[in-house]
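Each of the next two complexes has chain A plus one other chain: chain B in the first, chain C in the second.
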Partner chain A sequence: MLKKIKANYYKCMALPAFLLFFCFFIYPLCLGIGMSFTNWDGVSAEKTFVGLWNFREFFRDSRAIHTMLTTIKYGLLEPICINVVGLGLALFLDSKLKMTNLMRTFVYLPSVISALVMGYVWQLMLRPDGGAVRQVMEFLGFGAHFKAWLAYPDSALWIILLVNVWQFSGPAMVIYLAGLQSVPQELYEVATIDGAGYLQKLKCVTFPMLKPAFQINVITNIIGALSVHDSVVALTDGGPGYATETISVYIYRMSAGARAGYATAVAIILLLITMLPTIFIYRAMQKER
Partner chain B sequence: MKGYKNRLRRTLGYIGMGILAFIMLFPFYVLCYVALNNRSNPLSQGVFAMPDITAENFITAWQRGNLGGAAWNSFLITAGCLVLIVLLGASAGYTIARYSNTMNKIIFSIFLCCMMVPGIINTVPLYTIMRRIHGINTHWAMILLLSANRLPYCVFLYKQFVESMPRDLEEAATLDGCSRFQAYWLVTFPLMKPVTSTVVIISSVSFWNNYSQAVFFLQEKSLYTLPLSMKQFVLENTKNWNSISAAALISAVPMVILFLCLQKYFIKGLAAGAVKG
Partner chain C sequence: MNKKQATCMAAAVLILTTVLAGCKTTDVTTDQTAEQKDSQKSEASKEVAELTFYHRMNTMTDYIDAFVDKYNDEHPNVHITTDLQTDSAVLQARYAAGEDPDIVLGPQSTQYMVDGKYLALDEAMPELVESVKPELVDIVRELTTDHVYRLPTGMGTYGMFYDRTIFKELGIENPDTWEEFLNACRMVKEQKPDVYPFYLEPDNLGHQVYYLPLGLSMLDNGMLPYNKAATKNDQSILRFMEDGYLDLYAERLMEMAEEGLFDKEAAIVGNADTASEGFAQHKIAMMLDGTWWYGDAITQYPEMASYIGFMPIPSIKDDRDAYGSVDYDSCISISATSPYQEELKEFLTAWFDDAGKYCETRKCPCSVKGVEVSWGDKTFVKEVDDVLNNYETGVVQTESPNGFYTAEIANIVEEMLVGSLAPDDFAQTFTDEWNAAYGSK
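Now for the complex of A and B:
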């Protein structure tokens, strides 16, 4: 018996990994789905089945609806901005100029630092009393336009967006650069012979070849943006008021406030919000191929 | 005419790079400037005024923020996670690539699907599991949890790589009397070094910087990782921006050094994920 296991172990070497993954990912996921139908507080033994009550509660609470809309708005804007900036930087730094390698290093550098730490750094930069951004704006003559943006509900989310784009365009850029380098040079040569200009080459040669890079960038950024947490905590902590509270911050607060059942229901809603666009984009791109 | 146009384009390119470098590096400059400065509101004098240099902020941050202990905790968790994901991820990726029986196919598709699920979804139910296995406020539970979250990505990269490897060497090894497992462990695993380095480097950043899981499961101050200590330090020292900057610098430095030394692996690693298509 033991011999048989030993002889066939090589076929089942995926099992240990799967076991760990099952215990700490799939099992809690299933447990969470069950929990979301109860009114459990997270501590007591009492747990009553309440059906879809938690979900109804979510859609009745104006604060919850607001966190959902904030998350969706952010989840829509962040991937767009990061991909536009990342692609732009990749095209710019793929040129034959000197020092492009050094520039790539600079662009990538912030993304290896914790988003929480970087959030505090930007809070320091944006301080109204003697913050560096204000100094620079005054130097350039825009001093009058400075506001304590993080303190206003209308602008705080945009600052979070900007900081994230600043910090995380690097990885997107690197993926696009890898895509650019995989385009065969002959294609460009043929296009040049056919008389194509720069923009035409971009449209007819570069972009179609970048599709895999585009796909991976969009999907990973959507998933990341919809569960944004660290930089929100550091920059605004959901404030002013609840203006920049995203779903993941909300989940954290609800579970800390002894509403485990409700918090898991919110998590399930976040899961659905994440899955829908990812599956949709994945499908659309598979079809095009 | 053409030369003139080219020169113009090149000049514009360098101006663009200058602006880009300023945007990317200015926050780091300000961070160092404030951290090294003795004045309590250093930037009110202008960003380029001569700083009143002192190392005191670093000492305050290091002592009051317990950053040394936090760095050690971060290191332990990162190291533990790396060992786990490399051992488990490599063998899983290998088997899935080499022996595609039904079980392996199902396991792989589950891993792929779960790549779409953000980790934060599981935190509340995980809390109950962690309490049952007495894993709250322990490093080992944190290690298991974080590596489980990272496994799908890892398995995917390994599978991708093994598929592009020739089978000849393994077969030669089995002919020489190795068991299948030995052939994997003694021949193939060492040959997977390129992916292993990618997995280790890219993942160590995410383990080191993890905050959203750690904040749930590590509540005792002596177990805090760097991001947690950083947050705690900011809460306890509001407005003391000099030492906050010093603390931020200290917690950023390890990953910055790692990145600067191993740049080419970072870039290779991300590119490896991108060829999926």
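Now for the complex of A and C:
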């Protein structure tokens, strides 16, 4: 008996982590799934079971559909941009240039600041009256090309993308750098002996060896991009109109607008939207391995 | 059944139970509430009353903190902690978490009142309610229960602010009609191209819909019947689609936008600070807002007090004169569920005893009968009085469905300004969103 307990003792070590996971993830998730079938307003003690009404309402609301499309568009663009920029920076800073450590620090630094604070800083810089961007452009002689990009539906989302890519390329770069530094040098030496050039080495040695780093970056960036909230709130608050309203901003507004049951249903939809590409990429990469 | 299957089954049962708990229909019985209250009361009588004072008046923080500190010093049986939160969603989160604040200084949504979060002051403290100007008590009365759950500390007036220096320089007479207002804007645009003839910012986009189109409808119907209809969403009186005011507003606004009489970019990305800064630098000629803006602005730029003027709201309807709007400022409520009822009533009495000083700091007229306050520049105050005494003045404070905040309305107006929504569809979209907010319950 004692032997059996000892043999299974290690399982108890996972108990604190499991309890935390259960209390702060599984339990709220299950409660949320239940809540999504009610019309709870988030304040009163009353709530009534409404079945799938909230889910049906989401797909019938043109604003909600627009919000979903904006989120998907952003969710596609941001991971691509962050990974391209992050990988480019990693390749550049993995070389034997001077002051690479300092440059890595500068690239990584924006990511340690809250996205909300960063968003407000950029919003101030992009202000049409006295914003730093306008002043710099005027100083450089490009003042005529300045416009309040955040006030236009066709440019506001791109600005949000730009700010996020600038802020979060650093962490992607660090993961790629770690991946690059773990590539055995012998592989490059063999490739050199075989007459491979820089691009061939990249294609045949570096990229295949970076697949684990790529997987981590793509999955975390997809999750981050589909739930983008802070920078949107700070930069445009979903505007102009609903042009940059993402699902998480929509959820927040619905929840603050006394539609907690509906907001929870939308959150469940967002969870499914996030899970689909994540599972797809994860499985595709597992197969390749 | 093996061990693995049993574990899976147990987990599934647990998850299902939690999901069912989440969607369970609930209704709190009065018996339970009374029982809880009794036990809380007996506990409360033994200890120092720990009270929370939730407010969103960031410009009044110094006054409120000083008042609360003094109150705490003079009342050893009470300890009040202030909680400044500028986002109204935080209050909702507090209630959802069961952390009801004991004292709330705005915003008290109708839903919180109906849900019994606040004490009915007309029943519990009738003398205090009597001491407040009756027209303001009428505005804050909750219409479905016919009780007063909040009392305003100050009062405000909504109207057109203007730069007297610019008006004098260009020889512009105060406009009384929409046409005269447009002509004034055109004159500023022509003669002072670096000045915004009319300034709009995102917060105002939402408020303007209340004060311009809905305001006219309310003046037509009277405040009480209109607001009663609003609480029931009675479209036979509200007539959003039929009276044509929303359509007319959309048309007027887009006409101004096309003529460049206000800056569309600023209407979307500007803010209240930009407005204050603009007036301080004589870069704004006119702006619609309430006297609560004036208080904040001249605190920031005291020199502005000498040249900021006030005039009535020009009616968007051609054959109608300009009008003014009376409003409340800084409404305060006390919790109905707190075990410290006597302490809260005592605090509220002390708060209103000091209302004059509050209004002097806030720079607004006082809501308490007979309390005269020196709240602004003499000429400005005279102009405000002129609007209230010589123009059609109503209480243009529309009841709206819970969650249909001015920010939501501003989004609809923004959609129109950026061309994503046709002006002809504005009234329909507004009505749909309004109905959706009511339909959620």
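Side notes on the structure shown:
Just so it is clear, the second predicted complex is superposed on the first by the 272 of 289 C-alpha atoms of A that agree within 3 Å, B and C clash if a C-alpha of one lies under 4 Å from a C-alpha of the other, contacts with A are read in each partner's own complex, and residues count from 1 in each chain.
Here, a contact is a pair of C-beta atoms (placed from the backbone, for glycine too) under 8 Å apart; a residue touches a chain by one contact, two chains touch by 3 or more.
Predicted model, so just to flag it, every value in this text is computed and none were measured.
In the overlay built on the shared chain, the residue A:Glu288 is in contact with neither chain B nor chain C.
In the superposition on chain A, A:Gln135 contacts chain B only, with no contact to chain C. Touch criterion not met for A:Glu186: it reaches neither chain B nor chain C. By the touch criterion defined above, A:Gln215 reaches chain B but does not reach chain C.
In the overlay built on the shared chain, the residue A:Met35 is in contact with chain B and with chain C. Contacts of A:Arg253 after superposition: chain C is touched, whereas chain B is not reached. Using the contact criterion defined above for the overlaid structures, shared-chain residue A:Ala243 touches chain C, although it does not reach chain B. In the superposed model, A:Tyr27 lies in contact with both chain B and chain C. In the superposed model, B is the one of chain B and chain C that contacts more residues of chain A.
In the superposition on chain A, contact of A:Pro153 is made with chain C only, not with chain B. Residues common to the contacts of chain A with chain B and with chain C across the two structures: 26-27, 31-32, 35, 42, 127, 129, 252, 255, 260.
Remark: chain A residues 6-7, 9-18, 20-21, 23-29, 31-32, 35, 42, 89, 92, 95, 97, 99-100, 103-110, 112-118, 120-122, 124-125, 127, 129-132, 135-136, 166, 171, 174-175, 177-179, 182, 211-213, 215-216, 219, 223-224, 226-227, 229-230, 233-234, 248, 251-252, 255, 260, 263-264, 267-268, 270-271, 274-275, 278-279 touch chain B in the complex. Interface of chain A with chain C (complex): residues 26-27, 30-39, 41-49, 61, 123, 126-129, 147-148, 150-153, 237-243, 252-260, 262. Against chain A, the residues of chain B that register as touching in their complex are 10, 13-14, 16-17, 20-21, 23-28, 30-31, 34, 41-44, 46-47, 84, 88-89, 91-92, 94-96, 99, 101, 103-104, 107-108, 110-111, 114, 116-129, 144-145, 147-149, 151-152, 155, 179-181, 184, 205, 208-209, 211-212, 215-216, 226-227, 230-231, 234, 241, 244-245, 248, 251-252, 255-256, 258-260, 263, 266-267, 270-271, 273-277. Chain contact summary for the complex, chain C toward chain A: residues 15, 18-28, 88-89, 92, 95-96, 109, 111-112, 115, 117, 202, 264-266, 268-269, 274, 277, 402-405, 407-408, 411-412, 414-418, 420-421, 436-437, 440-441.
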